[in-house]
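Scrolling down, you'll hit the structures one after another.
Next, two complexes with chain A in common: one pairs it with chain B, the other with chain C.
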Partner chain A sequence: MKKIFLFFIFFYASGFSQAIHQNEVDLFSPANIKKFADYLYCSGDYLRAALEYEKYFSADPNDTVKFKIATAYSKIGKYSKASALFDSFHENSKFFPFARMEFFETLFEEKNYPELRDSISNAGLSNGFIFKEQAKKIYYFSYLYSNESLPSKSDFLSNFSGPDLNQIKYFYDWKNNPPYKSPLLAALFSAVIPGSGKLYAGEIADGVTALLATASLGYLSYTDFKAGHYFRGWLFGGLAAGFYAGNIYGSAAAAQIYNVKIQFDFENSLKVFINSKNCFVPEINFCK
Partner chain B sequence: MKLFFLFIFFTVVVSAQTDWQKWGKANYSYALKINNEQRDFSFDSKNTARFVLKSALNSYWFFISDVDGDNCSFSPTCSNFFLQAVRKTNIVQGTLMFFDRFTRDMDIYNKFDHYPEVEDGHFYDPIYLYTLNQKEIKYLPPSVVVKTE
Partner chain C sequence: MKIPIAFFLSLIVFSTANLFAQNEFAKEFIFATKLYNEENYYDAVTECKRLVFFDSDSQYVFKAYILMGKSYKMGGKFSDAILNFTNAELNAKTSGEVFESKIEIIRANILRRTTDRALQLLDDLDKNGNFSSRTDEINYWRGWTYIFAERWKEAASSFSKIDSCEQLQQLCMQVEKDKYSVTFANLISHFIPGAGQIYTGNYVSGFLSLGWNILAGYVTINSFAADRIFDGLVELNFFWLRFYNGNIQNAQKFALYENQKISNKALNYLQFQYNGTKP
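Right, the complex of A and B next:
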């Protein structure tokens, strides 16, 4: 009886292991790698998705997968890899116009404005290009970010129309003549009246504090000298001189910080404007 | 029987003790980090002026500031700012930067809308903003919370 039971167990176990073997899945087949990559891509895990797509791409190179790899790299900020891939699409590919626009966007994100304008001039402005209008806008917007000289106002504004024209005029005028404060002038103001340079640079509270500190220490020094307290006179006089000179220096620094701040605000508002106007083509949704 | 239960009881107690030691007790502290703890009291011997300045700063830290407590609202503190400014530039420019910083420190109005805050609640005001090299200035809006290194 025991022998029969053990034989039964043995055959059952071997039969079961056969069954497992028959149902075994090849997780590394190209189809499964693609399925996994699709899952990662749609979950937003773009780095691992790109790596899996690259594995699949070596087995089955096609434009859809290449586009996804490039998009994934672009999403994670690896713009140089993304732009190289977007740039490699052939004109006959159905993805070509989208890839071109994505290529322009990656160059824009990389702040590589000269190459962006060269690329748009070469391919983006031809009549056959379906996103010609968007490309033209990106071309001109890039001038507002770079430090190169702007095209003439009429030439620049002729590419835009509609209700946003006033806003674009404002951006152009700002860039053409930014309302910077002069550090030298701020220092000169503070040399004449302590704290006035800070007021000029927009630091009202600091300016008033500097005036109060210099004036009160100066007054203390004056009264001490008058009363014959020379040590205290020199002490307060020295401190007053320190605050006076420090304020002249600080006014120049405040003007520089003011300039950086308004440049930061300008670039931010420009970025918000560009994003709100859908200048770049909406991305293709592969996860429907 | 009694012996058996005593054995079980002591085994449980001992194993509970072992478990206690194994995981350890977490020492939580909700106190804010104090800037003064990271002070470098070494002497600067690069030149006489810097040696005198560092000695004066060390004395100020030891006899006044550490006794007074963490009262400077800025990070780095005014004395650290002075030291960093002198190291980064020179003694004249560093002194001017310090007087300007001290004016900003005395200003009691509008600090919250003006400076980003460090995680520990101090206002972030680093020296690279004030070296008069515009390329070094990296503007941080007040809404940003700066992580301490």
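Right, the complex of A and C next:
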């Protein structure tokens, strides 16, 4: 009887330890912090994921977690934090080439083109670097975004080949000689013929309206003065002068707006092109 | 006799083990609530997410989703709040919890001014037989929905169905009474330029408008009378009609603006001085 009793005591004691093991949840143990961070990362909650990974990283620093922290920061646009982390990978790390390319991408997104080109020249173009071709393309594409002088056309185009060459040629030519409208010229046109500056800047309806309004008001002013109605003559003359001056200013502004618009369209289409051609290294999928 | 003792001993041991885990979750929920009360909504959401992720027995999942939704609501992220309240509803275990989560969804809809959705949800609750004892609450939130949609008359009508809401009913009726008629302001401006502005209390603007219209009318008619037809047409088009149309538009604009001011005054009172439950 005593043996049976002891057996039960032993049996339940082992059950107890198992139960404690199964039910005890230390929410802030490193393993659980990592589990939670993985869940946040894969559900796209990158800021929280980065903060949780940072907590875990202090307990177990490793490259995988560091790479995830950097990627999470990059995803939410905190490029300076991301680039510092990507830059800190050692050459021996298996993540090194990916981190390097991500580093270039963060610099590219930050529009820090001089540092990007320096970094690519220093490390990205060495022969051992597995993503050398992509790095080279990023290097040259950065010129299309910055205001620095472009490399020669032959140098630039020698880094590209295949069916996209024509499109890249178009981007190069656009950047080299952008089809801007001169605000000064637009203002001068409108000073000579009211509305013509607007026509030059592509605003046809506005140009025609400005011409008609200025001409009608000017004519009214002229006929009123001629008929001896001086008050009305001055009134319509003043309005005509206002329209005339406003139209000159408006034409210069229209040319500037036109330039901003085409610059925006150019950068947008370039961005779409770069993304569609996988110029950056594909992301490592940690959420399979 | 010793065997049953061992059995009972094991039962105590098992329940202690379960309680241990529950205590961890309870502590975590208390921590999240503390963060929420300290207005640290970002961290409150993080801790609620942690709780939802680890609480496989769903002991605190409903409460965590509600708290998460409230945190998002306090941060003005109403769509995220609604998503979490909906998750709370999906994890509700009692009809009371379902009602609570639905009301939270309605309150968030009121705040983000998706009035039609809030009214639709209130109608659904009204039709649901399980909540027939909570009609007062449904009418209360319907009243608030109308307040936020600036439909004060309908709000007053909703509050009139609740015995304890006389104050809100009176307030809504007063606002409705104080508001200017946009149609009337528009109409009288057609007949007497400036009258619409004067009706809404904007006397300077009203008399200025009247003056401009008299001047423009005089100049135009004078031109036609002197057989200067082209002058008359241009003056009519660019001068008189500009002030005449402007006066009508202005009267309408002033009426809307003054009504907005009246509504805002009432909303301001509700926000800072009304002590009842608010969205």
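Rule of thumb we're sticking to: the second predicted complex is superposed on the first by the 265 of 288 C-alpha atoms of A that agree within 3 Å, B and C clash if a C-alpha of one lies under 4 Å from a C-alpha of the other, contacts with A are read in each partner's own complex, and residues count from 1 in each chain.
FYI, a residue touches a chain if its C-beta (ideal position, glycine included) is under 8 Å from a C-beta of that chain, and two chains touch if they have at least 3 such contacts.
Bear in mind the structure is a predicted one, so any value in this text is a computation, not a measurement.
Engineer: Just chain B (first), just chain C (second), both, or neither: which does A:249 touch?
Structural biologist: first
Engineer: If you stack the two complexes on chain A, which partner ends up touching A:210: first (chain B), second (chain C), both, or neither?
Structural biologist: A:210 contacts chain B only, not chain C.
Engineer: On the A-aligned overlay, A:36 touches which partner chain: chain B = first, chain C = second, or both, or neither?
Structural biologist: Touch status of A:36: second partner only.
Engineer: Check the residue A:192 against both partner chains and state whether it touches chain B (first), chain C (second), both, or neither.
Structural biologist: Neither partner.
Engineer: If you stack the two complexes on chain A, which partner ends up touching A:259: first (chain B), second (chain C), both, or neither?
Structural biologist: first
Engineer: Touch test for A:48: chain B only (first), chain C only (second), both, or neither?
Structural biologist: Second partner only, chain C.
Engineer: Given the superposition on chain A, which partner contacts more residues in chain A: chain B or chain C?
Structural biologist: Comparing touch counts on chain A for chain B and chain C gives C.
Engineer: State which residues of chain A lie in both footprints, the one left by chain B and the one left by chain C.
Structural biologist: In chain A, no position sits in both the chain B and chain C interfaces.
Engineer: Across the complex, what residues on chain C touch chain A?
Structural biologist: 2-3, 6-7, 9-10, 13-14, 17-18, 20-21, 24-25, 28, 45-46, 49-51, 53-54, 219, 228, 230-231, 234
Engineer: Which stretch or stretches of chain A touch chain C in the complex?
Structural biologist: 1, 4-5, 8-9, 12-13, 15-16, 19-20, 22-27, 32, 35-36, 39-40, 45, 48, 51-52, 216, 220, 223-224, 227, 232
Engineer: What residues on chain B touch chain A, complex-wise?
Structural biologist: Interface residues on chain B, with respect to chain A: 93, 95-100, 102-104, 106-107, 109-110, 129-130, 132, 134, 137-139, 141.
Engineer: Contact residues on chain A for chain B in the complex?
Structural biologist: It comes out as residues 183, 205-206, 208-210, 213, 242-243, 245-247, 249-250, 252-253, 256-257, 259-261, 263-264.
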